[in-house]
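Both of the next two complexes hold subunit A, though its partner changes from subunit B to subunit C.
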Partner chain A sequence: MSLFWSVIRQLAEIEAMATSKKVITRDEWEKKLNDVKIRKEDMNKLVMNFLVTEGYVDAAEKFRMESGTEPDIDLATITDRMAVKKAVQSGNVEDAIEKVNDLNPEILDTNPQLFFHLQQQRLIELIRNGKIEEALEFAQEELAPRGEENQSFLEELERTVALLAFEDVKNSPVGDLLDISQRLKTASEVNAAILTSQSHEKDPKLPSLLRMLLWAQNQLDEKAAYPRITDLFTATLEDPTV
Partner chain B sequence: MPGSASTTHRPEGLIERLRSAAADGGEAKLKVLRELKNQIIGNRTKKLSYIKLGAVPSVVSILSSASSSVDCLLIQCAATIGSFACGVDAGVKAVLDAGAFPHLINLLSHSNEKVVDAGARALKMIYQSKAAPKYDFFQHKNIEFLISLLDKNNENVTGLGASIITHSCETNNEQKILADAGVLKKLINLLQGTTSQRESSLESFATIIKQNPEVITKFVGPENSTTFGSLLELTKDRYPRTRLLACICLTLIKNATSSSSSSYLQSVGIRTKLILVLLELVDDFGQVGDEALFTLSSFIEHEEDLQKLAFEANTVDKLCHQMQKESLQAKRLEGIFTTLGSLCSNLEPCRSIVLQSPKALIIITDALTHTTTDVRVAACICLKNVSRSVKYLSAGHFMTEAVIMPVIQLLYDASTSVQVAALCTVSNLVVDFRTHKSLFIQSGGVKQLVELSKSMDSTVKLNAVWALRNLMFLVDSRCKEEIFMDLKLFPLTRLISDSNACVQEQALGLVCNLVNGPVDSIMYLFTEGLLLNTVGRELRRASKPQVLVQAMYVMCNVASGKEFEKEAVMQQLVNEDDNNQSIIVTLLQSDVASLRTAVVWTVVNLTIPTGAGALARVVKLRNAGVVSQLKNMVNDPCLDVKLRVRTALGQSMTFGDFST
Partner chain C sequence: MVNDFEGGRQEKDIVGSYFLELWRSKSKKAAVSYAKDVEMVNLDNECEELEEEEEPVPTELDTLNSSGGFSIVLPNKLSVQYPTVNLHGHDVGVVQANCPAPVKRLLYYFEIYVKNAGAKGQIAIGFTTEGFHMRRQPGWEANSFGYHGDDGLLYRGHGKGEAFGPTYSTGDVVGGGINYTSHEFFFTKNGQVVGTVEKDVKGRLYPTIAVHSQYEEVIVNFGKDPFIFDLKAYEATLRAKQQAVIERILIPQAASYGLIRSYLQHYGYEETLNVLDEASQTCIPPITTTTTGVHDNGFNEYGAYALNHRKILRKLIKDGQIDDAFAKLREWYPETVEDDTSAICLMLQCQKFIELVRVGHLEEAVEYGRSHFEKFYKLKEYEDLVKDCAGLLAYEDPKKSGGLGYLVEDSQRENLADAVNAMILSTNPEEANTKRSCLHSYLERLLRQLTACFLEKRLLNGNQGEAFHLPRVLLAKNN
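On to the complex of A and B.
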């Protein structure tokens, strides 16, 4: 190669370094990834953590037997927790409260906000079922004292009682309370409280690992072009776009 | 049944069924207990109404008569009793009065873990209340029992052990007994356990080491680095409450040992880290954030270096910003004011930020009328420390009606601690330049200060006199007269002879400021000749240097007056008839430099060569041995004394050296 061309090539390289990002090919990338060692037991624990936190008790039991991974929690408590969650989701709030109290009486005794939200959900269900008289009595006797203890409870209570004021509740400003999402919100709040009382984190670790993966890729995007994972479901490496 | 579901939920109906269940027994017991339990959990109002209706004794009677083989009945009883005791002191009392305690203790040795859980939970609830009986750590078997609890592999049982400690350990001796029995080590081991174990262990750990340097040096020192390391590690824990508790323990360790030789937590890195952790916790608007504020203020309270670190971490901006939020709870306000108060006690930049922050001063002064006593105290102390800024004080920043009126109002507060805080603030605010003082006087502040100077409470009295003293500082003649009229002669002489030397010191300082300034001010001392005599008597009688210094400066100020006044001072200081050494010589020989300075200044004023009696005074002083004493002092180690001694000797010499 003549000196002239070699200089031109070097210049081009310098220019590439200045204007565009470092390029990592699929081969290089896969080689790098292969060097990262991950222990099988850690993988199993992550899966078990997901099953336990999300409450897949039968799957967890099977997985325990097949993989020999011990869950960090008594699997029986998952059944109880899921029963509570399910009761709230299907509108049987009173039943849910009794189940929580059997599981651990401290949870609702020391968590006024959760207790209020469960009682509020009970009121919502009474209104949904058209038991207006009972709803009023319940609001008066059970919820009003909580409102006196706490300003923000009072505001929420007023919003809930407002359900009785509208003819077309669904299209009213408080219609969201009757939505199924309200039940899910309350159910997830109880679920989290039970998990916390069992010294268990309320969120599984797997989603946060994936979040971290996406975040790290976004950081890396600014510096390099590399085979990234865009589709989490297939987790395929896509060729870098240069 | 004709009645709807809700009528059977009425307390009276349920109580009826509970009573009959307790009497006849059978299956009904379990059902009615469970119903009661579900009624009261989380519901304070219902707990109180059932307690009133006498539900607790019925439940305890079911528990006491239950066979130990009916596990579910035992569990329901314990859970119900526990809930009655949870968060309601009247419930704890009812439970204890009904004799539940020994039955619950029995449950701890049951073979079914769920029964043990329920019993331990109920007992833990009892011990989390102030109404619980004090646990006697001085009995050996009690310590053994406590340790057996901490050794159990059950988080409710270990939690019970920790709650007992947190509730009952108060004195240094109790702390020592527990530490010597190895309890600290057990608590540290429990830090490896569940979240609730970690939190309850940290709480009792803090209780055992609180203000006890002996226990800390013995059990938490560098040789126990694992303990220290574990605590540091936990400041990074994922649970805010755990981080807070770890910070509390480290703060207690630092505060208890900061004055001793083996002080821990000196590393700037760790100190900064701790401040940052606490500041982050302050963002939590619940109990954790509140406690983080109090921990932060106690961490930085007595060390300017730490206040600087906290300042550099933007604590002041953060708190000024946070206090602007609407509807803050009382605890939060108290915490913000306390921490800002700490920061502003020494650092001018902190005061500047507060004073320049929009509305901060308004929010602080508004809080002076808050309904909660502790908030009023904290706001008042905060105002005091902010007003230590000479720059803003002398610019008249605080002598406005908006600030002064609520402060004066606090002087009338029913709480002594508020009064004392207000007095300290007044003391600070009135050291203002003379033009601004009249506002305070016109607003009726003096009358109340005088009233409080007669208080039976020695702290109130002391601070009231102190405030009057500062008010009298550099004040114009008209104001002086008004203050003196309010104060009156006899109360003042009584204060000068008070049994408390600190009160005396301030009262004499007040007199000093009274006679300072225009020559005619000195006349106050000669009203019926009483004040000067009283001051003279204290000079001969008092032993505290601070009192003597102030008394001597009164004499010094008077001696700066005309012939008549100078002679009066001579009479007080030099007694010709007495063969004993005169008081002025004794005082010149004091070890306390500031006292020697005051005396020499007085001699300087007495020996000023102009004036008809100057020569006679010099002769008298010489005869009393003052001149020869002064000659011994020409090389006094205190520069101030040395210089004045030379002036005094020079003046005496103008009349010739009599020593030859």
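On to the complex of A and C.
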């Protein structure tokens, strides 16, 4: 019987050892951090990628001069892309469509959804400006035929024209369409489509890497207690909680 | 690679020796010892730069350690036959690959083509550990796994199989793989995944095949020929799945922008910073975020320290104006260049020499070297670097000077500019308690943390799985 219990106890100990996390002290971890090699040129590329993708063309140009980092895209194309984005953001959708077509007519030809969303935004802007007649005409002539091609387009169209049915639009169930965020959404969709057409990624790499850091830390949490970084702004190491 | 500094001196000059090491990592001496490391590299070596390229991969079947008599490996070492004589039912012919499957990656995979299913079609594909009993089907013994052709069952650890996939026979192509992220095996038949099964063994695993009846013949493909299964697409799907999980993680919207700003501040890229600030102010509405307070977040006060001075010095060094940079440094931060034999002075004077060689003023370079290098020769820790510089004189075109060409590249100037930048940051009285903060930007600290987390996770996982490599992320075009 005593043998039985000692075996049980041993098994429990083994199990505890297997489930208990490895503890890595601050000193040990800092040593590991110092052994990591991150090349300056790679960080420069990461910064350039951010500036280019987010459309900070002047900053990208300056950064090229100050750091000698070459952008992975022709900087001139950023200016055009930003002009389109700005046009949508300030409600000049017609102007934006024209600019996109000047840039590359294939972008809208091959993206029916994007084209629909731009037209929808145009309708929203007409309604916002109180051009009711024009809005109705535009909806029936330009948007309705597209709705026939695609059920979800039709639903969105119906939702949009519903803006006309409310006296107090802002508090209506479709009020969100008039919000600035709707413009931003459309603008970022155009932005992404242009970047894709230039065979460039539509999102900068840095936010992805930051998410990956939080993910990797979560993964490692399961196996070890070590100094984490929770505050991305200050990159401060926190002491491990045991 | 440790400097032979006297303790006190090293303590004092963390910044200088840090950048000296960065230089040294490119030096001729480093290149030579790197080559030696490659030769000596062994399986468990934690040398991250070598790993994926250097990890051995199976290329052929092991002819020495096979189940003598019950399998015949053909001379090309990629085909196995069962002997034509009708042997006993226990006489399994097992063959392992010539080395275990590589582990420092996301996936490993190999395929077999069943040329002849023979009398009973008792062919198996799977994985076994070192010292596996070569007369047993993979899967029959502990720590072995096999997908069997005659019954389509999966065997793991004992003689009774479990329902898994279809049977396979003559003309079929069957594959076996390991997913190091999900800790699973996966098997394929004619290009389709049959199923996955948990990999509950940590040691190294050998790709293994078995033949068990008369006339059976199998040809192995370790990747020399294209696989029938689209491994690349499979890997892309797995990565996309993982990426989708990662993309759902929330980060503060202004974090990226703030980190970029603090990076520009840290390295003294002042003009970029100013233009960026201007752009985000005039842009209506702001591009990166709809919340206000971008400028309060991610903005480290110390980062603005001596920003304009650091920018001017960076520019001078970038343009090769070393004398001017030296003079400004003496004027503005005399304490940083007080000691004429400090690492920073060495770097500045070596760069001055390099610039003279760059523009072809060799006589002047010789003279400069004679009057400035002598004091460094006495200091052992600088010897290799000074030697590299002096060696440039031997070449008509320094760019083509073998292991020394790195000296005349822009990156050498940038390393000096970074060193000077960090030296100035270290004079900030506000930051006196943490010298290290002048070495790394916030961005770099996060990237180091990211890399360390991946390495540690792998270490705790029996060294299996992928590492994080920033250059690979920068090359990828997948979002």
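What we mean here is this: the second predicted complex is superposed on the first by the 222 of 242 C-alpha atoms of A that agree within 3 Å, B and C clash if a C-alpha of one lies under 4 Å from a C-alpha of the other, contacts with A are read in each partner's own complex, and residues count from 1 in each chain.
Throughout what follows, a contact is a pair of C-beta atoms (placed from the backbone, for glycine too) under 8 Å apart; a residue touches a chain by one contact, two chains touch by 3 or more.
Please read these numbers as outputs of a predicted model, since none were measured by experiment.
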item: Fit or clash - subunit C, subunit B, common subunit A; value: clash
item: Touched partner set for A:P145, first subunit B, second subunit C, both or neither; value: first
item: First, second, both or neither for A:S67, with subunit B first and subunit C second; value: second
item: Contacts of A:E98 with subunit B and subunit C, given as first, second, both or neither; value: first
item: Subunit A residues touched by each partner, larger count belonging to subunit B or subunit C; value: C
item: First, second, both or neither for A:L210, with subunit B first and subunit C second; value: second
item: Touching partner for A:R39 - first (subunit B), second (subunit C), both, neither; value: second
item: Partner chain in contact with A:D109 - subunit B first, subunit C second, else both or neither; value: first
item: Contacts of A:E137 with subunit B and subunit C, given as first, second, both or neither; value: first
item: Footprint overlap on subunit A, where subunit B in one structure and subunit C in the other make contact; value: 199, 201
item: Footprint of subunit B on subunit A - complex, ascending; value: 97-98, 101, 105-106, 108-112, 115, 134, 137-138, 142, 145, 149, 151, 196-197, 199, 201
item: Contact footprint of subunit C on subunit A as seen in their complex; value: 22, 24, 29, 32-33, 36-43, 45-47, 49-51, 54-56, 58-59, 61-63, 65-68, 85-86, 89-90, 180-181, 184, 199, 201-217, 219-220, 223-224, 226, 229, 232-235, 237
item: Subunit A-facing residues of subunit B, complex; value: 4-6, 34, 37-38, 41-45, 79, 82-83, 86-87, 121, 155, 194-196, 238, 327
item: Residues of subunit C touching subunit A in the complex; value: 25, 48-49, 245-247, 249, 251-252, 255-256, 258-260, 263-264, 267, 269-272, 275-276, 278-280, 283-285, 287-288, 290, 297-298, 300, 311, 314-315, 318, 410-411, 414-415, 418, 441-457, 460-461, 468, 470-471, 473-474, 477-479
